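Given below, in the form of structure tokens, are the structures.
After this come two complexes, each holding chain A, first together with chain B and then together with chain C.
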Partner chain A sequence: METSTPKAHEIEQGEVVEISALAPRFEEHAFPWRQIAGYAASLLLTLGALLLVERRLLPAAWLAPVILALAAVQAGLQLGLFMHLRESLGATWHVLTLALAIVVALGIVILSIWIMAFKSGVS
Partner chain B sequence: MAHLLALFFPPSVLRPAELATDAGILLGGAAIVAWLTWRRRWAWLWREWITTVDHKKIGIMYLLFAIVGLMRGGVDALMIRTQLAMPNNTFLGAEHYNEVFTTHGTTMVFFMAMPFIFALFNIAIPLMIGARDVAFPKLNAISFWLFAFAFLLFNMSFLVGGSPNAGWTAYAPLTELHFNPGVGENYYLIALQITGIGTIATGVNFLVTILRLRAKGMTLMKMPLFAWSALITSSLVIFAFPALTIALALTMLDRLFGSTFFTIAHGGMPMMYVNLFWIWGHPEVYILVVPAFGIFSEVVATFSRKRLFGYTAMVGSLIAISLLSYGVWVHHFFTMGAGAAVNAFFGISTMLIAIPTGVKVFNWILTMWGGRIRMTVAMLWQLAFIPTFVIGGATGVMLAVVPGDYQFHNSYFLIAHFHNVLIGGVVFGLFSGLYYWWPKMFGWMLNERQGKWAFWFFLIGFWVTFFPQYLLGLKGMTRRIYVYPPGLGWSTLNLVSTIGAFAMGAGFIILVYSILYSWRHRQPDLTGDPWDGRTLEWSLPSPAPEYNFAVLPRADARDAWWEMKRSGSCGKVSAVAVGPIEMPRRSAVPFLLGLSFFVAGFGAVFSFWTIALFGMAGVIALLLSGWFDEHDHHEIPAEEIRRSQAALGRFES
Partner chain C sequence: MNARAPEASRPNLPLEFQDPRESLGILGFWFFLASDVVLFSCLFAVYAVYHGRVAAGPTPFQVFDLGPVLTETLLLLTSSFTCGLAIFMMRRGSTRGLSVWLLVTLLLGMAFVGMEVHEFAGDILRFGTWHKSAFLSSFFTLVGTHGGHVSFGVLWAAALVVRLWRQGLTPGTARRVYTFSLYWHFLDIIWIFIFTAVYLSGKIT
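Presenting the complex of A and B:
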């Protein structure tokens, strides 16, 4: 597989990068099969989650964990295939932003559950 | 046919005000078309503007739309204030009033403040960090056209189909189909979704631009503070906007496809909408105000002729503010009843934000301390900002005191507070930046004397409008009421507030007049550095050439241009150093993509699914065409660059 993204050591922090070098140009000469497969897989995973709920294919207790697992798989798929996680010019930023993303996402989920915990008394 | 007519033109769009606007838009549109045809400007418009990917031109287009947005939102504001001027007034009916405050808030936030901010980012950031464009120029144009067509779609609502009317927050169950039939809310949901895609893309674009395209030698801690504020804003956009996307998408599913995420009657949870909305909403207010902080940091240093005081503390406080801003959102709905522990947590986290904000205020003041201050219009906005914003911040802390908030919540005290920060912080900052960077955008100066008139009208008008609203709030007047009886002690204060609003309107008209006046009586900026500036954009001619820098600069110090001037370099380049420059090629795809989204959005608003699918097919086709486009660059030969630089008088002799 041909990639044209410059290697980390070719580009130092703060160095001027010509615009064309920044464009996501991996797999220039090949047809983007991986991406299409990834897209199809994402659609299937979503459809799977929908069917599980629609057709009640699982006992209620299993439903939430299984759907969350499907979501995690899909998130990984998209990070790897569409967000260029595998090819970076400087891994520091990836690690930093990913860590921040995880903190923010977990924070939002946990705090939201805490905030909404009173709902049974209201609705 | 009759069915369609009734759908497109319900009684709410056939009121005199709406019909008069229809007529105005038709006449104005016809005049523009006639002018373009008469002057043979269509090809020029297409080549130079519609298909451009140049960040400087995209910035100017954002600015134009932002000013139109300010006018639309401002007219709405004046309609609100006219209705409230007297007790038992009948200028607007209940339904009409709901629509007007909804479009006022939505327009001001999404179609005035956001594009105004992106205008200044586009114009200043690449020049400031020594880059030739943003990292993804075509994506930048896509962001703009998504915004522009969303603007069009949203503003179409009051002419065709009816306005949204559930407030700028669009809480369930006010948006529930059962309680709110008609297409108004669909316009809100879909237009914001479209502009939101563009906004997230802009966030990514500027994040990458700032991290990757800085001049040699410009480490992060040597960046101008406006660039820092753009970096922080971009990260806030990327992390916050998805929550809005979800909130809008779920509401759309409820309204268009019969799901019940927020429908209590079927086990849905409307409070979850409120929660999601503010997970985005609070970071959003920092998305609005952080760029203003950046602008002020540039303006105060330039016009005090001193380097910014406490650079590191300024950067640190920006980062602290951005992190804290994710953990305070419940302060928008303390009264929902989540219980003491939750409210106490979010009350305290909210108050914490006052600390880094205070640090910034002190640093601005200390920058001025002992400086040689020049009272330009840009600086006046800065001086007015500090006390105004501080008072807005202090009333914000009052609102964060939970028991107090049970009294203040949704009263005019709240309205006065957030206008205090949104106008006193965001709008003052944007006006300051407008005056500061205008010469760089257009190559001529704005008239300072008229600018000062506009400033005083706006500032005094602001306080006359909003100070009485604090008192009204304390006297129990709640927001979003369209009429009140006499004898409550509200009448005089409301009248005063309305008078102030018209003074602000006058300030806006003077500003627009002054822009037109300065255009006709052009006072060119020949040096490119009219303010004796400190950062790299002032090393370039005004306006900067297409490729910005003939030779990419080095920035070895903070305030790089100031240091260059001190060491005797004068922004000239040597002819031998000039080489060919590769630049992105203009493209019709961004405009057509916006158009396709518009068609799809229009179809979805009215549930005309064939039209919607047609639009989406256009979107997919255009994305694919962009994917396989290999010819998106062109090279400007060195000879041509030498010629244009020589014409600008930029060669070393």
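Presenting the complex of A and C:
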């Protein structure tokens, strides 16, 4: 990691520069522990969310934010454990693209709800 | 080309990343998934805005039956797990293990689509079609778009099983299987949000 980093003027044109976020990264395992852990956690989170709603374990106003948070955790598990999000020939490119897509998606959903919450007679 | 030279052969990488062109294809597929995130966000936004506009028709609370929906969720979750096992077997170089888990994934996907078609048919018979209200329009569009994606994924998996059987595990096949796995896990993530933001939220009183 902490080898001497070349200054910009020292790099020749066409030379391959090692940046840790762009370095190849792959993980090898002998047994699919990550997949099993991801599956078990997904089942727990799904059934947990279902129980919260079915048994009304929380005040109604709390339920929606809590189960949405559980869904977000589960999405993160799928991305990290099943989609090998951190593995690639430099994960930076697809992680940044996905992050941008999520910002746009949240913007579309949240701002749509917000703007339509004004009872101005158009909806 | 100078920049390509160090990448030309990369035998110590997983098979799907060894060929620079195939590896670039995987990055391209992430870009496609990013665009699909935005597509689904639009459908979620429409549903979020219109789920209360039931006209004279049924409400989400009346339409949704969490029993079959939970079965669908478990089918898709399990298929996402078996798809992860398929990639695990591929990384270990086992064509046979990969084919078997891919086939299991495909069958679970088919079961999911079957249950969803059954659910939609029941909804239409009892409550009416998407013409009935803005709620039903946005519901069928959002969940149907996801179901369409899953149906396409089932056909894709079938084509991959045939390809594996005929050509074995090559960098090209490995890249196709890997992009399929990204697609399949992505659809599971979308379903998690449909299950939460559509079905469960509809049952909050």
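Observations, loosely collected:
Basically, the second predicted complex is superposed on the first by the 80 of 123 C-alpha atoms of A that agree within 3 Å, B and C clash if a C-alpha of one lies under 4 Å from a C-alpha of the other, contacts with A are read in each partner's own complex, and residues count from 1 in each chain.
In this section, a contact is a pair of C-beta atoms (placed from the backbone, for glycine too) under 8 Å apart; a residue touches a chain by one contact, two chains touch by 3 or more.
Being a predicted model, the structure only gives us computed values, none of them experimental.
Of the two partners chain B and chain C, it is C that touches the larger number of chain A residues. In the superposition on chain A, A:F118 contacts chain B only, with no contact to chain C.
By the touch criterion defined above, A:L100 reaches both chain B and chain C.
In the superposition on chain A, A:L51 makes contact with neither chain B nor chain C. In the superposed model, A:A60 lies in contact with chain C only, and not with chain B.
Look at A:Q74: by the touch rule set out above, it reaches chain C but stays clear of chain B.
Of the two partner chains placed by superposition, A:A37 touches none, neither chain B nor chain C. Once the two complexes are laid over each other on the shared chain, residue contacts for A:I108 go to chain B and to chain C alike.
Touched by chain B in one complex and by chain C in the other are residues 14, 16, 32, 89, 93, 97, 100-101, 104, 108, 112, 116, 123 of chain A.
By the touch rule above, chain A contacts chain C in their complex via residues 14, 16, 24, 26, 28-29, 32, 34-36, 38-39, 42-43, 46, 49-50, 53-54, 60, 63-64, 67-68, 70-71, 74-75, 78-79, 81-84, 88-89, 93-94, 97-98, 100-102, 104-106, 108-109, 112-113, 116, 123. Here chain A touches chain B in the complex through residues 13-20, 22-23, 32, 89, 93, 97, 100-101, 104, 107-108, 111-112, 114-119, 122-123, going by the rule given at the top.
By the touch rule above, chain C contacts chain A in their complex via residues 2-3, 6, 10, 13-14, 17, 23, 26-27, 30-31, 33-35, 37-38, 40-42, 44-46, 48-49, 66, 70, 73-74, 77-78, 80-81, 83-85, 87-88, 91, 181-182, 185-186, 188-189, 192-193, 195-197, 200-201, 203-205. Chain contact summary for the complex, chain B toward chain A: residues 130-133, 135-137, 208, 211-220, 235, 239, 243, 264, 269, 271-272, 275, 279, 326-327, 330, 337-339, 342, 552, 582-584, 627, 633.
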